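In what comes next, chain A is part of two complexes: it sits with chain B in the first one and with chain C in the second one.
This part shows the complex of A and B:
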């Protein structure tokens, strides 16, 4: 492992955890659809996406764990809610509504591909190598959700109404994806997370609005306020703790055992 | 996951068919040739194969439900990924088998509607509960193990599209079985609590595993149309004995105890005693065992099992929740083109 300056270790781990936690819970929420999707072929595709996200999370946990000595499973299952760094949008349940599931992926996938692109230029080589590989897969996710958004937006009046409503509901919390982790500015300056948050935000908004426009849809995306404390600094929605209780139900029976 | 051994294909053999065509058909079967979707086939054969493939497809997508419930609770990243992939495979098997059934003349929507309205059935074993992680291990080990045993024989059948689908499914099932074996082995090499979890789940699933192959054979099983037409190649009791011969010694090796149990209406064990019949019969080379409770089998198959209502309700919810999505993407004529 390359050497990290001591004072950047914790912020860097938090940056990795933010990416991993987003992916773990997005995959977790999406896996709730496995076996219950609206069309068999899409059920299968959606499970593949969920697996990709969870596998990405696992690889990022491995990287973080290599720095602070914890296993990927300990990081995924063994933290208190306040130690997670995911954004609000991956925490909320989709209430078994396909429009919400898709709208969530639209915001998250476009964000993720931009984040992975930045990470692929990190001076921390193991991260850059990993991010390049994940970004290629994430590009396929973007294509999948773009197609679905457009098809629902231009499908029937009902599908248009449902996806529009879901987009509007999630657009309120989507910009919180951009909340920086603690001391992110120092990570940027050190080349560990190169790039500019504002530019990334503009690129994200333009990409999302382009897809929405093609599907006869729209969303009001507010400028993000980096001062507002949320998931990236451990302040979570009411949905995280119950989701963790469910996810860790078996793990907590014997946290030290092999399962 | 699930084979269709207990579908109980009742083929009406009395329906008149052109004797020359029928003789040609039987000669093809007897010569070991495969029947293809566009070949001539007796109406009763078409009906029987459709019933068998549709039942199998239904079983795959209902079988996804008990395990699907545990994806969000799987205790490690590796198990979480493996279980998602496994349940995804089952849905994929359902998709392939519905395609086989569609070619035999029934639309997918009609099949899904018949399933959720109870007009058609699915494999009985999915009407039992999976209340712990131990059950997930046992389903993948015992039920998938039983399914492979059954489906290997179905892959020797006579209907080409179904046979090719079985071969493909069997390759995937082999992974599921390995994963199940690994899960059981991990629990049985773990803490006392993990061992107990495995034993309790084994007690719940041993009976349904024996029932998996369907009710005891009729005396003339080999002469009935399903076997004469190679829709099935081995009888229920023959398959059951193969399963017992494979799994009894494996369970004993792992330290599991084989019990005869009584269950309440929720499918939970209320009492258990050792199955004293368990022994290798040196003369026959086969393991002896106590037959499962066949009254319970018929009660559950008639719809009065612990989870029949729950499983169908969830499938119905999925069907209804997905209706607007299917209308939006499958009825292209109402759609607007994407905006420029």
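This part shows the complex of A and C:
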């Protein structure tokens, strides 16, 4: 592992955790559709998406754990809710509404691919190499959710109304994906997370609005306020703790068990 | 000391756990290094994962350790997975492509590569050509699902011979 300046270790780990935690919980929410997808292909798709996100999260946890000596399992399941760095949009339940599941992925998948692209230019080479691979795999997710958003938007009056409602509801919290982790500015300056948040935000909004436009849909996406404290700094919605309890039920029985 | 060629010959006999293709034809092997270790050889195999965290990776690692480790003169075998260079479907050999095709799995043609560039764009240049059916060769095919039985494969359907087949994702 390359050397990291001591004062940047914690912020850098938090940056990795933000990316991994988003994937862990989005993956979990996607996996809830296994067996319940509206058609067989989408049941397979959501299970495959969940598998991808979990595999990506695991690789990022390993990278973070290599810095401070914790295992991927400890990082995934062994932290208190306040130590997670995911954004609110991956925490809220979709109530098994297909449109909500898709709208969530539209915002998250486009964000993820842009974040991975930035990480693929990090001076921390193991991260850059990994992020490049993850960005390539993430393409299939973006393509899938773009197709479905457009299809639902230009389908029946009911499908249009439901995806539009879901988009509007999630658009209120989606910009919180951009909340910086503590001392992110120093990570940017050091080349560990190169790029510019505002530029990324504009690219994200343009990508999302492009897809929505093609599906005759729209969303009001407010500028994000980097001062507002949220998930990236450990302030979470009421939905995180119960989801963690469910996910960690087996792990907590015997945290050191070998699988 | 054992020579690299004998090791490659053994690697060529190890199949991918999920597809009818050897791990060498699949393009997983980046390099093989042999160093003396006492009166035996220490072998290091550098390999590239197809998909990050693919569950087959551990099986492949064990297969390499077992098979190469059984060669006379080999004292230790270490398999190292790296992401640089990234694995891509372009690494699959011509023989490997043919073997997959015979079993109903097609591979994207060379050249439609993924490009990561600039600070904000990841562009996937998708080839305009349709995917030819591995069974009858018809291009009257369509994608049924971008996801399939494993993370690296999609499901296609041929309207001409009415067979479904699998197509590797372009990474």
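Following the convention adopted for this analysis, the second predicted complex is superposed on the first by the 258 of 259 C-alpha atoms of A that agree within 3 Å, B and C clash if a C-alpha of one lies under 4 Å from a C-alpha of the other, contacts with A are read in each partner's own complex, and residues count from 1 in each chain.
Keep in mind that, in the parts below, a residue touches a chain if its C-beta (ideal position, glycine included) is under 8 Å from a C-beta of that chain, and two chains touch if they have at least 3 such contacts.
It should be emphasised that the depicted structure is a prediction, and the values quoted were computed from it without experimental measurement.
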| item | value |
| --- | --- |
| Partner chain in contact with A:218 - chain B first, chain C second, else both or neither | neither |
| Contacts of A:55 with chain B and chain C, given as first, second, both or neither | both |
| Partner chain in contact with A:165 - chain B first, chain C second, else both or neither | neither |
| Contacts of A:117 with chain B and chain C, given as first, second, both or neither | second |
| First (chain B), second (chain C), both or neither touched by A:186 | neither |
| Partner chain in contact with A:74 - chain B first, chain C second, else both or neither | neither |
| Touching partner for A:258 - first (chain B), second (chain C), both, neither | first |
| When both partners are placed on the shared chain, which of chain B and chain C touches more of chain A | B |
| Which of chain B and chain C A:199 touches, first, second, both or neither | second |
| On chain A, the residue positions that both chain B and chain C contact, one per complex | 41, 44, 47-48, 51, 54-55, 58 |
| Complex contact set, residues of chain A against chain B | 28, 31-32, 34-41, 43-44, 47-48, 50-51, 54-55, 57-58, 61, 72-73, 76-77, 96-98, 150-152, 154-156, 158-159, 162, 213-216, 246-247, 249-251, 253-254, 257-259 |
| Footprint of chain C on chain A - complex, ascending | 41, 44-45, 47-49, 51-52, 54-56, 58-59, 113-114, 116-118, 120-121, 125-126, 129-130, 132-140, 143-144, 194-196, 199-200, 203 |
| Residue ranges of chain C touching chain A (in the complex, touch as defined) | 49, 51-54, 82-84, 86-87, 114, 116, 119-122, 124, 144-148, 151, 154-155, 169-171 |
| Footprint of chain A on chain B - complex, ascending | 61, 64-65, 68, 71-81, 84-85, 87-88, 90-92, 94-95, 98, 108, 133, 186, 189-191, 193-194, 314, 317-318, 321-331, 334-340 |
